[in-house]
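The first chain written gets the first letter, and so on, giving A, B, C, D and E; residue counts start at 1 in each chain.
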Amino acid sequence: MKIGIADTMFARVNMAEAALKAVEQEKKSKGLEIQVERYTVPGFKDLPVACKRLFEDFNCDAVVALGWCGAEKIDEQCAHEANLGLMSVQIEAKKHILTAFFHETETNELEKQKKIAWNRAFDHALNAIALVKGKEELSQNAGQGVRQGYENAGEIEA
Amino acid sequence: MKIGIADTMFARVNMAEAALKAVEQEKKSKGLEIQVERYTVPGFKDLPVACKRLFEDFNCDAVVALGWCGAEKIDEQCAHEANLGLMSVQIEAKKHILTAFFHETETNELEKQKKIAWNRAFDHALNAIALVKGKEELSQNAGQGVRQGYENAGEIEA
Amino acid sequence: MKIGIADTMFARVNMAEAALKAVEQEKKSKGLEIQVERYTVPGFKDLPVACKRLFEDFNCDAVVALGWCGAEKIDEQCAHEANLGLMSVQIEAKKHILTAFFHETETNELEKQKKIAWNRAFDHALNAIALVKGKEELSQNAGQGVRQGYENAGEIEA
Amino acid sequence: MKIGIADTMFARVNMAEAALKAVEQEKKSKGLEIQVERYTVPGFKDLPVACKRLFEDFNCDAVVALGWCGAEKIDEQCAHEANLGLMSVQIEAKKHILTAFFHETETNELEKQKKIAWNRAFDHALNAIALVKGKEELSQNAGQGVRQGYENAGEIEA
Amino acid sequence: MKIGIADTMFARVNMAEAALKAVEQEKKSKGLEIQVERYTVPGFKDLPVACKRLFEDFNCDAVVALGWCGAEKIDEQCAHEANLGLMSVQIEAKKHILTAFFHETETNELEKQKKIAWNRAFDHALNAIALVKGKEELSQNAGQGVRQGYENAGEIEA
């Protein structure tokens, strides 16, 4: 199994480190053989081409795309464009891109920003590995209100 | 006939169960042979790749895509991106994806959330089966103000 | 000449009837031979796949896509997604899809809703037929402020 | 050289006439041989298919797409969809579509509307011809704050 | 290595000059052989076709797309459409387009406008060259809060 990690210079946290930690954890705890390819770009709008190359030129089975979105309206617009590009690339490749973007509109406390960004990158790296295993690997958690970067919301009680 | 059911861990209701119930109902009441394939992903932005795989790798004739959208503006943005991805996949496959998303902006009462999400998933699974049957299967209800998850609005009286 | 008519259960007016009336009028008044294929789907987001099938599997030369958009913001979002899908399908087919959507934000008077929806479907069916005839069929009306569903705005006087 | 002119019945000014005037001016003043193909559609959302046909079926080297956008929010939404379609068509053709849309939000004075729409169509027809000549034909004016339909903004002084 | 520079007449600063300066600096300081191709269009919505031609007809390895966005809402809408086109072109080419757009909403002080536009074009030309070198060329700066046109935001301290 080969996981791609695409990250940016724009981000204010080294989110790729978090994703790499998640991969190491899976390798140790479950004895999985997982190779990693990394690709760093200036900002999130450069991630789609990076992901396409990770799929086609570096044979990744899934990619974690790590981005950081500023607090201005124009930043959200750019995030939207980046996300549409990532959508297009993953559909063409028929392989999953797990998008872990931190948005500064979520909180302006730096410590929390770092924590959310880190956890989200970590959690989505685990998701990427699970999705490579198979289409029902995550079905036991379906409808459970699972979140990445925050506490889970949980299933609504009957 | 093979129906795909793509659902998420993010949702707070097990909407796939509702879709499965609808399939069972159709099998019993109309004696139809319907196979089901399930694919669970983290969130709705991962549904398009799941649907493409259900069409191409698992030979589904139609897919029900079950999603849950949070109450924040960024959630609606993501839902939009997911929907554009689902649009692209169904056009490429020339097969219908019935999109059943519950949006938390519809109501914040948990009981109602569960009911709407459940009913919408159920109704769209029935629609998926009808559309596989043929292009005029639903024509008797055209212009009747039919809704999924709510009461029908009905046709405007003359 | 073969015209496709794609309509929805969601609409509160049987807009396909209006389109069919327009086709009948053209057949009678101009002696044209026009065949019709109909395809009914749950809502407007299902129209793009219907239109693609009408082009590819039923050999339509042009399609009238009839939709109804609710008054909520999320409805307009869905209409946008439907329209982008219809855009993509018609470009791929290199054949026109005349999109006749009624939006509840135009008016909440039921009688007016019905009238606008009906007239728009009727007018766009005529447009579909004209565009199949040739690229300059409508040139005599270019820049004349022609509207569908409302009175024409007219050309701005010198 | 063959220039396509795609226009609409919706517009309240015969913008195609302006584009044709620009072509005539270039033919006379520079002795260029320029052929023209015209295609008229109901509204701007029908322009992308018209442009694709002008490229593929009528061998145009560049197209001027002339549109008129009403003052309502839904009109701007439709203009956006039309523009995305035109973007898609020109990328696929690898040939330029010069988009000259007048927006009623620019001004509600009819005389000004007519003037802006006319000038924009005229200027973009000249641009279309220049771009067919070569990729550096316009480089002498790069960064000069050139506008179509209004006075030029000019370069920012040092 | 061949870098494409696509710019506009609309811009109020000759951003291509800044990009050319960056290329010259890299050639001198690092002894790199870098060829340049330039393509000038009217406005940023014409950049995607220019970039596609720079990739396919002029063999560029990466392109810097230089644009200028006015202060009105419609300008931002057009920038969005241009960006989606540039996204589509770079994904298809599997080569990076570094998008350096200045937005008048950033500041209305002319001197600052010029400085930001110039620096952003310069910085992204350097990024384009780095990305052609390889996928981990920028990894040493990952997560460092690097900005183009402004001071870097820096990494969040532990």
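Convention: a contact is a pair of C-beta atoms (placed from the backbone, for glycine too) under 8 Å apart; a residue touches a chain by one contact, two chains touch by 3 or more.
Keep in mind that what you see is a predicted model, and the values were worked out from it rather than measured.
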Any chain in contact with chain C as well as chain E: D
Chain centre separation in whole Å, for chain D relative to chain B (CA means): 41
Approximate Å spacing (C-alpha centroids) for the pair chain A, chain B: 25
Multi-partner residues of chain A (each touching 2 or more other chains): 84, 88
Overall pattern in which the protein chains touch one another (line/ring/star/complete/other): ring
Complex interface listing, chain C residues touching chain B: 7-17, 37-42, 45-46, 48-50, 52-53, 56, 58, 74, 77-78, 81-82, 84-85, 88-89, 92, 110-111, 113-114
Of all residues in chain E, those that touch chain A in their complex: 76, 80, 83-84, 87-88, 90-91, 94-96, 98-99, 103, 105, 124, 127, 131, 135-139, 141-148, 153-158
